Structures are given as C-alpha cells and as structure tokens.
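Taking it in order: structure first as structure tokens, then the write-up.
As written, the chain order gives the labels A, B, C and D, with residue 1 at the start of each chain.
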Amino acid sequence: MQRMNREEMAARVARDIPEGAYVNLGIGLPTMVANFLPQERDIFLQSENGLLGMGPAPAEEDVDWELINAGKQPVTLLAGGSFFHHGDSFSMMRGGHIDICVLGAFQVSVNGDLANWHTGAPDAIPAVGGAMDLAVGAKQVFVMMDLMTKRGQSKLVAQCSYPLTGLSCVSRVYTDVAVFDVGPAGAHVVEMVPGMTIDQLRDMTGVDLQLALEGV
Amino acid sequence: MQRMNREEMAARVARDIPEGAYVNLGIGLPTMVANFLPQERDIFLQSENGLLGMGPAPAEEDVDWELINAGKQPVTLLAGGSFFHHGDSFSMMRGGHIDICVLGAFQVSVNGDLANWHTGAPDAIPAVGGAMDLAVGAKQVFVMMDLMTKRGQSKLVAQCSYPLTGLSCVSRVYTDVAVFDVGPAGAHVVEMVPGMTIDQLRDMTGVDLQLALEGV
Amino acid sequence: MIDKISPSLRQAVADLHDGASIMISGFGDAGAPHELMEAVIAHGASDLTIISNNAGAGESGIAALIKANRVRKVICSFPRQAASHHFDARYRAGEVELELVPQGNLAARIQAAGSGLGAIFTPTGYGTLLAQGKETREIDGRNYVLEYPIHADFALIKARAGDRWGNLVYRKVARNFGPIMAMAAKTTIAQVAEVVELGALDPETVVTPGIFVNRVVQVAPLSVAAAA
Amino acid sequence: MIDKISPSLRQAVADLHDGASIMISGFGDAGAPHELMEAVIAHGASDLTIISNNAGAGESGIAALIKANRVRKVICSFPRQAASHHFDARYRAGEVELELVPQGNLAARIQAAGSGLGAIFTPTGYGTLLAQGKETREIDGRNYVLEYPIHADFALIKARAGDRWGNLVYRKVARNFGPIMAMAAKTTIAQVAEVVELGALDPETVVTPGIFVNRVVQVAPLSVAAAA
C-alpha cells in the first residue's frame, strides 16, 4: 500500500475542482491545493481577509505585506481580481457564494460533522478564525487530512470527541489512503490507494464504511 | 399675525442646522431647506438613494439623470462627496449616523409620534419609501409643516389619528406660525411669529402647550 | 475559460420561468435595467414576483411588465408615483398583490439574503401598520421588529462596466440596489454600457466582485438619458 | 470649515478614557494601525476592551498594549498565534478576559452595530461551544444562533488616503475590518499614509464616506513594510 504524500493529496483534491468554481482554501495543508489547479481552468480563489482572484506566491522582491492570504503568506492578485472588506468577504462565505472550501481537520464524523478548531484540552487557548463560517457557508466542504493521527487513531470517527466546528457540513474527505463521502447516508469509500482494501479501512477507522468506488 | 411662507420656514429650519451636521432632507417642502443653508458652513446633505455631499440643482445643460435626489430631481455632487449602495445608505440612516433629518408630516403628536406616509383612506395606495427608516434612524427628527390643514384642523395633535411612521421620534416641529419642541415632556412653544400668543396656539391646536421661548 | 458575457439580451434572460421572483435595481430611472426588462417582456415569462424600490411609472420597465400582465406580486417601498397608473389599476383590481416594505428594511432584508442571515431585528417600522402581526422584541431599551431575508431567483441590474468574470462598477446614484441585489439572487444578470477586458477594472474599485454575477450583457450606452 | 485632519497622533487619541472599548482594524499586520496604537500606549488609558481579529503578536500593536497592562478584555476570532506570547501569558494568568467570536460573526456583529440592527440570526457556530447558552432558532429548515451587535467607543483604523471630510480609501487587503469598524464606533480615528485635497478622491471609489470618520491623522507611509 502506497500512502499519498501531501503533494499527491493536494493534486487529488485539485482534480475535483471544476472550471469556474469559487474556492476558499483553508490555512495549512489545503493551501497547497492552489499549486495543483490546472492552468487551463479559470478557478477563483477567495481569501477571507478580502480578496478574490488570488494568484500564486510572488517573487521575493515583489512581496507586499498588504497582499497576503488568510495564512498571512504573501500572494498575488490575478487580472480580474478584487479587494473588499471583511463584511463583504464573510457575506460571500456565509451567503453560500463559495462553491467549495477545503479545510484541514482534527476529526470528521461519518455524518459530516467537523472538528478542526479546538482540541478541547483544558489549557489550550482556543482560536477559531473563519473556520466556522466556512463550515456553514460553503456549498461543499472538503476536508484534507491524514486518515490516522500520529498515535494511530482514526480521524474519521463515528462521532467527534473534539469540540465541533460545524454540524453535518463536510461532504468529502481526502486522506492519504482513501477518499470518503460523508453525510446523512454515512461514510462511503469512493477511492483507495493501490493495495488498500475496504476491510483494512474498516479496521483502521473502526467505523461503518460502504464501498461506492467511482470510476477512475 | 404674519404667517411664515415656505421660504421663511425653510430659512428658519436652516438656521438650526449647525456646521458639520449630516442632514437628510425629506421629499417636498424639506428639500427647500438646502437653499437656505449658510454658505460658510460645511453641512453634509445625504440622499438615501446613495449620495453624501449633495450640492445644488445643476444648470439645465448639466442635468444627469443618474445624479438625482430622493425626490428624483437632478442635483450635483460637491467636491468631497461620495456614492454608495442602498445597503450602506440605509446603514447610515438606521445606524444613527445622520444628525438631523427634516420631514414633512400629516400629523405630529405632542409626544413626538409622527404620521407622514399614509392617510389611512381605504382606497389609498400606501407608499412609505424611506420615511420610517429616517424616523427611527436620525439622531434628531425635525418636522416642517403648516400648523393647520386647509380644513382648519391642527396637525399638532394629542394623538395621531393617521397611521404612524414612527413612535416618539420627532423632537422639533417648525410650522408657519410657531416652532414647537415635542417629546416625553409634551409640547413646548419655543418660538412664535409676531402677533401670535400661546392662548391662540392653544385654541388652534386644542392640545396642552407650555411656553419655553428661546432667546431670539 | 470563464466568460460571463452574454451575446444578447434574449440569451441573457433565456432561463427565466413562470412564477420566478425577480429583483430589479433602480431608484426612479437611475439604475433601472430597461433593456433587460424589455427582454423579459419579449421572453414571455409570467406570474412574476417583482422586488424593487418602485412599482413602475410611465409605460416602460416594471410598468410595462405590469401592463403586459406578467406580474403577480410586487414587493417594494414606494409604489405610488405620479405615473404609476399601470400598477395602480391592477392593484385596485386585485390583480397584483403588494407587499409594502420600508426602503431600509427592503435593503436590509435583501442584504440578509445575500449574506446568509436567517433573520434580523430592525427598528424600522416598529409600532406601525407595516409591523402588524410581526414578532417584536425590546433589546437594550429599544424596540425592534423581526424581519426575514428576501431571496430571489433572478436579479436584473444595471452597471456602467463589466468584465468576463462578472466584475462590475456603477455610475453615480445608478448604483443604488444593484450591488445588494446581485448578492441575494440565485442568478444575477447585469446590463452594462461597456464590456471591458479582464484587468481593466482597478481591483480596489470593483464594487461588485464577479462571484455575485452570472451574466453580463452589453447594451447601448446612455439608455437612461433616452428613457428620461 | 470642517477639517477632520488631526495635527498629531497624540491629539488624535487625546479623548480616550479608561475603560473604553476600542475596535482595531487589521488582519495580521495588514491594516493594523500601529502608530495609533503606540499613541494609545503613550496616552496611558487602561482597562480597555479591544475588539480586533487577533490578540496581538510580537512586541508591537495589541501585543504591546497587553504587555503594558492596558487591556482588560479581548473580543477576537484568532488570539492564538506563533508570537502571541503576551496575550497567552496574561490570559493564562486570568488577567485578560477573552470573548472568542467566529470571524464572520465578528464582522456581522460589527456591521449590525454600524447599521442599527438589534440582533441577527446567524448560522455560524450553531451547535458548537461558541453558541452555548445562546438563543437559537430554526428558520426555513436551517438552524441559527442569535447574536448581538458589537459597538465600541473608538475605532482605530488604517487607510491609504483620506481628506479633511474624513473620506477614506484603502490599500489591498489592508482594507479588512476598517470600513465596518468605522461604521460601528462612536468615534473613528483613521491613520493614513496620505492626506489629500478635498475632491481628490473619486466619489465613485471612496470606500468609507466621511460621515463614518471623526479624525484623520497622517503617518509616515510604508509603516506596514517597516513593521513586517
């Protein structure tokens, strides 16, 4: 079995983003998806700090600290992009205008609950940012994460034990070993890395899984 | 007794508008106040259809039908003016950012209730426009009206019989024969035209009136 | 390549359907998308709900839609005007329903729809006929009325210029309801006086980002002057 | 003649008072009014409530205010950052209170204050810890949380240019919370890189009309680059 690395996962998510989509990529791993979007597609990246039509990172000499993404990294603006204030930006997100957002997660439940902002540890200082807005606002919420924690626990769970970000909001989960659809109908495996089997996934996750492989 | 004409009433209202005030002038009679604002004062006229810094009517050859006031008359924009959409415009109004609005009225009650949008006639087609927003939103609501209807009924009343625009919203009423403060403490006469007496005003209006003349 | 420019007014409104709710920008003639409304009449859709500040005046625009018997209901703030005879007649005959909304509540409810809010407590209209039967609440010593979002199937708006991604800029007070309606409708169609190249609009001054616009169609400029 | 230009940072913040609530624009360093915050520290006001997206990082801005023990409470969406050690320490010591608000609810509540709404039903946060104890309601099949406006005594914001009437334009994503905070505070103070003549700003592209701004103070340009 060949686990996907981060680049392969990002490329896999990018494949599912269609021409014309308005997309918000969360901080961290999801940001990498931008590097794998097909050049020939017009895909519109929104950043919640007030820009639409985000382009790739600038050359070092062109860095402008008033042109950054939500992760506070320097970016560029494509021709046809625009700037707006936080009110309009979150209206965009909350109002259902973003087609897809891609988020990292601590846990996702088989019915699509998302936990990605707080470990619940008593001494943690919680920080939520725009995660809850994206979770409820985007038409589709994709999650990108390793299936297992470093301690070997499944992050795809029957029920989240960490504090929730949003209820029943995730539709698809991209992991290093499989892609799952989640939601009211439970979790379905739509893709597996070569060598992986559904029984192995059942063992790893301990959750109820159906097979619904998509044509490759 | 010398009743004030419309120009005199407009000039009287204009005297009470201080330097730096943000002002909305209602459709009809209140619009005339603009002609009497002292040139030496910076006073900011807002029009609810999306402009701030409204200037006087243009010369005929400069009329632009995309530069009109709320009464759909051509206006101009002063240097330092700006355009904005209806959401921002009514946020300005509802959010308490307008210092003074001047409105016409069918009736005002001694406690400051306003009726100016609907006669209540069964066959009338009601139209409210921005009147209710101005009534609740401006820091001070001034009313400008003849004290009596053509049929000789007082428009300053103990209680409005016409449908209300807003409750307890008017602070001052400028009429052709007197200026009244209205509000929780009832109606006070703060100014009268020469030859007018408070007893005469009590007779005309039939409401309880106190005298609180302001220094002239 | 995403190109939201429609080749014609006819194609821009081709997917209208009977019973559709349609937001229409404009305050008086300023910002009223007359050419798009003519295309709606030519299209033939009926049983429409119109959401706009006015209910039409004279013989064109919303008045023409009402005259052509396409309108079931009008949601607006100021239906009664000097030349609103087509609305007046149909309304008095009971053929057109009216929901009268204070202008700022109209704007706020459209904004609530565009920004995904479920409802808002607004002070406007409290204690008046227009709040009768509505939930009210005192908050911090002030009284408010609960008002719900106004969504629409389509928004027809007018802008000065647009590009193929749907970015729009407006002209003077013709801006009025355009930007907020664009955010509240499932499908937003903008008529513009000028289609410009991608990148020609300064990103700092785009008023409506393309995400809120589905189609852009060019019409001859100066239509307002002609209509006035 | 109305002239909102303040001659100095010191005079621009002279009427701050202990216990004031202060909105501070910025997302990271972009749009953060560092010079105004330094003026607040020099002024000496304490027991402040800070409303901002972050709770400061490094040694300047909000972090410096916290370090100087001027802050009683922070209302923000994202306090925990790589260099938020001053906030972290005071918070863990129980010396600074935190109200954590999802970023979009922060924006919407600030907008509700600026636009005179009494409360809003927002979908964000429903079913989470951050909605615990709050009123909820199902509207049209979707669940919402009732959230109240956030007002402030002062807003300190950063813009690119301003004029003597208080009109402002911004630069790139430094715009962020500036325009909506300007609308929500009793007194809004803007630091700008450039003061321009009245009329120099295109009325079509003014982002914050002067009605929302009380004072404008010029600072040396490129302060963000210097701070970064």
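Everything below uses one rule, namely that contacts are C-beta pairs under 8 Å (C-beta built on N, C-alpha and C of every residue); 3 or more make two chains touch, one makes a residue touch a chain.
Just so we're on the same page, UniProt names per chain: A, B = 3-oxoadipate CoA-transferase subunit B; C, D = 3-oxoadipate CoA-transferase subunit A.
Since we're looking at a predicted model, the values are computed, not measured.
S.K.: If you tally the C-beta contacts, which comes out ahead, A-D or A-C?
M.R.: A-D
S.K.: Whole-Å distance, chain A centre to chain D centre, using C-alpha means?
M.R.: Chain A and chain D have C-alpha centres separated by 29 Å.
S.K.: Distance between chain B and chain D based on Cα centroids, please, to the nearest Å.
M.R.: Roughly 35 Å, centre to centre.
S.K.: Between chain A and chain B, what is the gap in Å from one C-alpha centre to the other?
M.R.: Centre-to-centre distance between chain A and chain B: 55 Å.
S.K.: Provide the list of chain B residues touching at least two other chains, using ranges where the numbers run on.
M.R.: Correct list: 51, 77, 83-84, 87, 90, 94, 136-137.
S.K.: Residues of chain D that contact two or more other chains, please.
M.R.: 108, 111, 115-117, 122-123, 170-172, 204, in rising order.
S.K.: Building nodes from the protein chains and edges from chain pairs that touch, which of line, ring, star, complete or other describes the result?
M.R.: Contact map by chain: other.
S.K.: Name the touching chain pairs, would you?
M.R.: A-C, A-D, B-C, B-D, C-D
S.K.: Quick one: which bits of chain D touch chain A in the complex? Just the residue numbers, please.
M.R.: Those residues of chain D that touch chain A are 27-31, 53, 77-81, 84, 87-88, 91-92, 98, 100-105, 107-108, 110-111, 122-130, 143, 170-180, 207, 224-225, 227-228.
S.K.: Can you list the chain C residues touching chain D in their complex?
M.R.: Answer in residue numbers: 108, 112, 115-123, 137, 139-140, 142, 144, 148, 169-172, 202, 204-205.
S.K.: Can you check the complex and tell me which residues of chain A touch chain D?
M.R.: Contact set of chain A toward chain D: 47-51, 64-68, 72, 77, 83-87, 89-90, 93-94, 118, 123, 125-133, 136-137, 163-167.
S.K.: Under the touch definition given earlier, write down the residues of chain A that touch chain C in their complex.
M.R.: Touching chain C from chain A are residues 19-20, 22, 42, 44, 46, 51-53, 77, 79-84, 88, 90-92, 94-98, 136-137.
S.K.: Please output the residues of chain C touching chain A within their complex, sorted ascending.
M.R.: Against chain A, chain C makes touches at 1-2, 111, 113-117, 163-165, 167, 183, 198-199, 201, 203-204, 206, 209-212.
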